[in-house]
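Naming follows writing order (A, B and C), and every chain is counted from residue 1.
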Amino acid sequence: MIDIIDTYWLYFLVGQYPDGPLGGLVLTLLLGFTAVVLALPLGVLLGLARVSVRRWLRWPVTALVYVVRGTPLLMVVFWAYFFLPSVTGHKTNQFTTMLAALVFFNGAYLAEIVRAGIQGIAKGQMECARSLGLNYTQAMRYIILPQAARNMLPSLVNQFVTTIKETSLGYIIGLAELSFVASQINTQLLTRPVAVFGTLALAYFILCFGLSRIAYYLEVRRSRVAT
Amino acid sequence: MKPTQALIIAAGMAAVFLSPVAFSDQLADIRKKGELVCGVLGTDEPMSFIDPATRTLVGYDVDLCQVVARKIGVPAKVKQLAVAARIPELQQGRVDILSATLTHTKEREAVVDFSLHTFITGQKVMVRRDSGIAKLAQLAGKKVVTVKGGTQEPNMRKAVPTVDVVTFETAPQAFVALQQRKAIGFVNDEVSLFDAYGKLGAAQKDYVVLPESISVEAIALGLRKNEPALKTLVNDALRELEASGAAEKLFFKWFGPNSRLKYGQRSFKIDSDRI
Amino acid sequence: MPNFDLAAVLTDEFRGWLLDGFLLSIELTAITWLIALPLATFIALCRLSSVRVARGLGFALVEGFRNIPLLVQLLFWYFAVPELLPEALRSWLYEHDAEIVCAVAGLTFYTAAFMAEDIRSGIRAVPVTQLEAARALGFSFLASMRRIVLPQAVRIIVPPLISQTLNLWKNTSIATVIGTAELMYQAQRVETASFRGVETFTVVTLAYLAVSLLITALSVWFQRRFPVRAP
């Protein structure tokens, strides 16, 4: 396995770059990070809609969240693939397709995390804020969400881990992320599947386990500091 | 809402609903864009594949793409596609032209246009020698593997109705499955099969390509429908290539005696698009 | 949107393919669930055991299978693991639907790792005094678990477990990459043959949703019928 890492480490790391599009581990990280960063505002919006008192906002968003959570991510990816160009009028490549699918899918899941985070803040906070003269939006923005954010941090890091794993589905639409690159290497070598896929598994493990440990320590620290 | 807002929303809606119907001259668009985006497979040596040394896309299909781009007068941008994604990507405008081992079939004529045929090949089956299979009919009830989204699966089922076909995302992936003895046979077009055979090296003695073809495939460049200017230009470029002898040179560059395939001669000319 | 023609993807032939795929997806879910649940319970008990080696094993299994994407695990099971098996076992595997066996193997370990954590949380939610009392009365660790703690933990465990079942149902779609002819695989096949992506995926999305909503409804019903009693 060492010799495979030795020969192909650059290909694993960046794919064809700079003689082709960016790929490999760097692409996986870039895709995962961008997806979470973009999914967050979407998740906040959807989460706020989920706790809203306005039924016309709450019901459609709840329905949307249930539909998205009941559909496999791979299905959402194929939808993004077929729908995106006609909706945006732009010609989208595999990266954008995968990004859109991940943002949309994770936005729906983050909506639940945000909802739980908001509802986890003592109701008294909202009442205090309102009695001090802040309106709903100001109360959310300055009082509730900042506190909820601290609560949500471990869940968010976990969501990042999940998103990194989800980027592997780019394999199916030909996006040159880490799993696709490994598969290409395997078809070149043919006789070393255990070593190639073992290396692939190890790479993800180190990445995801490392991140989930960070989430764990954040969680431990949070429960120590919690009032 | 304010009149300007209404106007913007109306314009937006118009753009969304009218865009599929809008007539455009793709050739003019390409010239304006300043580049020709070609869809290739990148997993089908030597038609299009990634050279492991330079990590770039090369091959017969890639070179044809360059020929067309040169004729238009813009640089070519080569984009890798999955087999199943070729026609959707062309239809949605994500690539301008397909140079991706695309077979010209009557069914596909309903959705895409084809250039002059750039390659004639057949689809065949590669089996393990120790399976004892020498004729196609012996594959009845047995398992073969191939790639998703192409003509291999339907052709195989037409040739041997009771065969069990399992498909994978890329052809090399399916070939790995054959090598691991997960199936008796591997279906692909002749050229790709002989290329894979060549890659086997010492293991060649364990495999044999069955002589019977399950189909004859005319490979051509794929174009969007209703683009007469582009189609004429592409066919002109191909005719010039053939007339100057460059087409034959290109064939021998990738399929000739110095390649893994070692074809001694070219059995076709680039001059027809009739099937 | 240019002509949306549902009938084009629901011809006899295509309908047959999609139905076969749907049934296989259901079978994969059911078989995996039946194997993953006991496995998950075993792993959860390992993690809670007082034996350090068992705890380490449980931890390694959970973290190992949770931190590697399911797609990678499936590729590993299908392309790498058979090469490690003895010749006879490998031939037997290939004769007997390796795609389905490997899909079940991959799905089982992945799902079991997540289920194990939910089971462990559920058990830990039962006050530790229950376990202590049981041990004091002379029950062994395993007997205390089986007769006293687990029955109480069940109510807490079931909702997250149903959630994992929902994930399992959706995860079966990934098996398409190792050639398992489940619903997503058949969807790709119908799309290639009909040139109609939107219609095909509409039908298949509805099929997935139908079962997903059923599972979610089951969870809601369970939580209403058997609410967790506050301690």
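Criterion: contacts are C-beta pairs under 8 Å (C-beta built on N, C-alpha and C of every residue); 3 or more make two chains touch, one makes a residue touch a chain.
Remember, it's a predicted structure, so these values are computed and weren't measured experimentally.
Looking at the partners of chain A and chain C together, the chains they share are B.
Of all chains, the one whose mean C-alpha position sits at the greatest distance from that of chain A is B. Annotation: 21 Å between the Cα-based centres of chain A and chain C.
Averaging C-alpha coordinates per chain places the centre of chain A 34 Å away from that of chain B. Shared interface positions of chain B, i.e. residues touching 2 or more other chains, are given as 20, 88, 169, 176, 180.
Annotation for chain C: residues touching 2 or more other chains are 79, 83, 177, 197. Among the residues of chain A, those touching two or more other chains are numbered 81-82, 86, 171-172, 183, 186, 193.
Chain A makes touch with chain C in their complex at residues 66-67, 69-75, 78-79, 81-83, 86, 161, 165-166, 168-169, 171-172, 179, 183, 186, 193-194, 196-198, 200-201, 204-205, 207-209, 212.
Residues of chain C that touch chain B in their complex: 2, 79, 82-83, 90-91, 94, 98-99, 177-179, 181, 185, 188-189, 191-193, 195, 197.
On the chain B side of its complex with chain C, the touching residues are 20, 84, 87-88, 107, 110-111, 145, 148-150, 153-154, 166-169, 176-177, 180-183.
If you check the complex, the residues on chain A that touch chain B are 11, 15-16, 19-20, 81-82, 85-87, 89, 91-93, 171-174, 176, 183-184, 186-188, 190, 193. Put simply, chain C touches chain A in their complex at residues 1, 63-64, 66-73, 75-76, 79-80, 83-84, 166, 170-171, 173-174, 176-177, 184, 187, 197-198, 201, 204-205, 208-209, 212-213, 216.
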